[in-house]
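Both complexes below contain chain A, partnered by chain B and then by chain C.
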Partner chain A sequence: MGNAENKFDDMPEWLSKSENYIPLSDKDTFVNKSILSVFKVLSRIKKQDSAGGARSQINVSLHVFCTFVLILLVSLTRSFIFVLIVNVWLLSVLSMTDTIRLVKILKMSMGVTLFTAVVMLPAFISGNTYSSITITTKVFATITAMGLLSHSTEWSTLTRALKRFYIPDIFIFILDITIKYIYMLGEFSLNMFYALKLRSVGKNRSKYSSMAGIAGTVFLQSKEMAEDMYHAMECRGFTGEYHINDKSKFKWRDYRSIGITAGFFILFIYFGRM
Partner chain B sequence: MHIPDNYLSPSTCAAMSAAMVPVWTKAIRKVKEEIPKVKIPLLGVGAAFSFLLMMFNVPLPGGTTGHAVGGTLLAILMGPYAACISVTVALFIQALLFGDGGILAFGANCFNMAFVLPFFGYYIYKLIKDHSRSEKGEYLGIIFGSYAGINVAALCAAIEFGIQPLLFQDGAGQALYCPYPLSVSIPAMLIPHLLVAGVVEAVFTAAIVVYIKKVSPGTFYKGAKEKTKAVYGLVAGLICFTPLGLLATGTAWGEWGADEIKEVVSGGNALGFVPHGMKEGFDFSAVMPDYAVNGLPEVAGYLLSAVAGVAVMIIFFKVLSNLKKDKAGNNVG
Partner chain C sequence: MIELNDICFSYSEMIALDHINLSIKTGEAIALMGANGCGKSTLLKLINGIISPDSGSYRFHGEEVTHKKLQDVKFSKLLHQRIGFVFQNSDTQLFCSSVYEEVAFGPRQMGLTESEVESRVNDCLTLLGIQEFSNRIPYHLSGGEKRKVAIACVMSLNPEVLVLDEPMNGLDPKTQRWLVDFLKKLNKAGKTLITSTHNLELVHEISRRAILFDESHTIVADMMTEELLKDAELLKRVNLVDTSYHYQL
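And then the complex of A and B:
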């Protein structure tokens, strides 16, 4: 008890004075925006990592292939009806997915579609109705199809699927590292952004140069991490070659998606004829 | 500058992808030669870095923010070939997983941002740096290189957009893909890049290089053979400027189509299309029945709209319930 009183006496005078410091307001929208956009990416990566189970039921290579064919057909067709049919199909698939994913996919596709609509507006007004309407609907179909693919498959299985399309090992290897390190470096830079935000009380004039400092430090850190990673790889005997060892058989779902893609192909030819 | 699908024709996309194949092959071979095996993971980490760099917002005058692309920066730090691979991977992830940039347009996006941008920027930087050999000259090289790199890439994208209406039209003379000719697409792409994006890129690149130089000067890429490098630079520069040839033929095409524009001179439109829709007014419904009569049996049309209606309703209510859940969550938290 006595100790505490002693401490109070020892306290310098300026500490016991009440202060009335109001920090000057400063703009830091760009720091906030950077934090937000890095955070979005991180949460997106984390989401697809944690959720497993029911998602990987369909054969991923097949899913990638079907999506690619669909996007190609949509891009090639000159029939507005074909694009409409594809859109309706995608909307129905979208309505079956769970709400959280649905909102995410819709946000992405609506954003790009609205942007396209604005870009196409002058062309529409000046009479070029065909391309302005068709392109806008086509863009919606393409982005929705991509969204459905990336939100319904784990990314690690997606990179595995690439191996089936004879993409070189070095590319898959780099892709794998990239996704992992976007997460690690993202977290790293996020911490620095927080630090910058916490340390700038009042007006901080060197905030802009700190921004370059953060980017530079992230680069140097990435260099170190890359070297560490190589050594870790070497220790574990990984030479950068990938082998697929899953001999998964086609299930009825897979035959169904083949059937649907074939159906779209027939429709494409049917409407292309007219 | 990420081109989405359906702005470019599939044949343009195929041509651009084909143009990228030798570049990628060369880049992979070069990287294997130049970079010791220890540093191969650096390519992946570099790609992650270039991906994240686009998340970094830089303040712009007027209260808005923008972001840099960092192609020239990567080329200065790791060499242009490694930068090419890194940016390619970053673009691939953006297209496949984040819906940013098209899948079919991937080749075109790579041509602009993974090939033209880093190579052009790097060789401008190298040219200025080698001629001055002073510190100031190097910084000048960084600023000019990154500024030129992003603007030439934007010019390439604009040319790819602009040649679409010249090459791909339907029977009625309406464009099938991007409807804007070079006279519209080039200023639309270049003005914002020259005034804003290029400045952001240059300032940010220079600031990062200055920082890394100060903190860790030994980490820069050193071109091995100066002489051959200069030749490659010239070749890369020439390749970058070949689309300018298209530009010249583009204006010729525009002049050739002038009789078409004459017909609609009362409309005064700069696009050079026969305004097919003008006769029927700008009415959306005037366009729709036309398609419905031509293409689809009535029953199928009903069926299609019914399915669409149900799907849209389900989506609508799901979104609505999600919004409510969010609000409830906010109240609790």
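And then the complex of A and C:
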């Protein structure tokens, strides 16, 4: 240990003096914005992990199935009243979720609906009033139904539910791994941005080359992680088959969902005949 | 030097720091200890101005560090120069094309002339024993070498406070010993050290005072490191050790 201490006896003089430094002003907007955007994505994924609420207590496979059927019925119907009934139902479900989720789903639905309304505007003006309003409300129903599904169900269980619909294993696997690595590499790049911010103590004249450095390191990191995972998969005997161990049983809520979907199907046929 | 009064911080709804009170004097060597996820890394981020508290006050040299002040570029840059942060994962800290460029990144921004930068970089590389890596790409170095480069990057800014997040993680015993000796020397040279660590064998060498967190994200002990290491019951209570733990110097 004595020898080890001697190695540092020649500590440079500047290191034991305090730095008399006044920083120059510099714009850090690019780094700050990058930090914020990566942080937003990570928070979104993290929140998905703890997705709860009343709807998520429904069997996920059934939830996906009911949403799919509802969207299919909304797409096929020519009845404006049917679309309105679906919208009323979706809004009443939405009103039972917490405020933050409600605002997020509504923002998304309203945004897409508004865009559709703008696209449909020429048709509306030229006289196709009924069709353009029906299509716009159909879009609202579809996006709201998807929003309710994605905001109340964890992504991992969603991908697991896909297996029940005979979606190819490779597709589910890629989807699962993608979500996982977006999070891991996101955390890694967030820390790199923090490091860049902490080390940018003055005027950084090569901001973009630093950003390129970060992008390069994240790429190399992802390559390394992919190789490690490939080796780990080989060691664990992965054959490309994706097993799920779903022991969830049907509860009364699930039967209620089946009943509601069946009800919508009857309404679809009833309004289809009118 | 560093005053934290009644600091609270949470990530969305998850509490990370709960009513933290801590005072650190210039030249102290402090260890932050506690089980995984107890809030050590969050506290280090707060001290470095990466995040700002939800409530409570943080003062550095008597001046309050607030979210609003951290938006002031000059203020935040000066804070980052005075408090150096060595990340747990060295890979996240290295983004330049060579070790030399990496260490020169900070001093160049401080307005030093190129000859001063060169001299400072060479001093740092020599001090950390990594002169031969000067032209190497940081990403291709080993874990211990990367850690040395990361420390050199921070040292080249000549900070008053050195904050290290789990610096012993992933290092072989020889490099751990080297790092302990290096940190002791830095502390002797007047640098304030704040280190978060799980390494109970070496913690008494890199710190005189230890702050212990429990799993409810509060500080449960603030005492001499050796005293804390002797208190097996307390360490067990915060889930840092199990029943097989015995203190040995």
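Quick note on the criterion: the second predicted complex is superposed on the first by the 185 of 274 C-alpha atoms of A that agree within 3 Å, B and C clash if a C-alpha of one lies under 4 Å from a C-alpha of the other, contacts with A are read in each partner's own complex, and residues count from 1 in each chain.
Here is the rule we use: a contact is a pair of C-beta atoms (placed from the backbone, for glycine too) under 8 Å apart; a residue touches a chain by one contact, two chains touch by 3 or more.
Since the structure is predicted, the reported quantities are computational estimates derived from the model, not experimental observations.
More chain A residues lie in contact with B than with the other chain of the pair chain B and chain C.
Applying the stated contact rule after C-alpha superposition, one finds that A:N204 touches chain C and leaves chain B untouched. In the superposition on chain A, A:E19 makes contact with chain C only, while chain B stays out of contact range.
In the superposition on chain A, A:T157 makes contact with neither chain B nor chain C. With both structures placed on the common chain, the touch criterion links A:M11 to chain C but leaves chain B unconnected. When the two structures are aligned on the shared chain, A:K27 is found in touch with chain B and with chain C. Look at A:T261: by the touch rule set out above, it reaches neither chain B nor chain C. Touch criterion met: A:L196 reaches chain C, while chain B stays clear of it.
In the overlay built on the shared chain, the residue A:I214 is in contact with chain B and with chain C.
Shared contact residues of chain A with chain B and chain C: 27, 213-214, 216-217, 220.
The touching residues of chain B, counted against chain A in their complex, run 4-7, 10, 13, 28, 37-49, 51-53, 55-59, 63, 65, 77, 85-86, 89-90, 92-93, 95-99, 102-104, 170, 172, 174-180, 204, 207-208, 210-212, 215-216, 219, 264, 267, 269-271, 273-278, 282, 284, 287, 291, 294-296, 304, 307-308, 310-312, 314-315, 318-319, 321-322. Listed in rising order, the residues of chain A touching chain C in the complex are 1, 4-5, 7-8, 10-12, 14-19, 21-28, 43, 46-47, 188, 191-192, 194-204, 210, 213-214, 216-217, 220-221.
Residue ranges on chain A touching chain B, taken from their complex, read 27, 29-31, 33-34, 37-38, 41, 44, 68, 71-72, 74-76, 78-81, 84-85, 87-88, 91-92, 94-95, 99-100, 102-103, 106, 108-109, 112, 116, 120, 122-133, 135, 138-139, 142-143, 146-147, 149-150, 155, 158, 168, 170-171, 173-182, 184-186, 189, 208-209, 211-220, 222-223, 225-227, 229-230, 233, 240, 271, 274.
Within the complex, the chain C residues that touch chain A are 12, 45, 48, 50, 73-74, 76-78, 80-82, 84-85, 87, 89, 91-97, 105-106, 108-111, 120, 123-124, 126-127, 129, 139, 153-155, 157-160, 177-178, 181-182, 184-185, 189-190.
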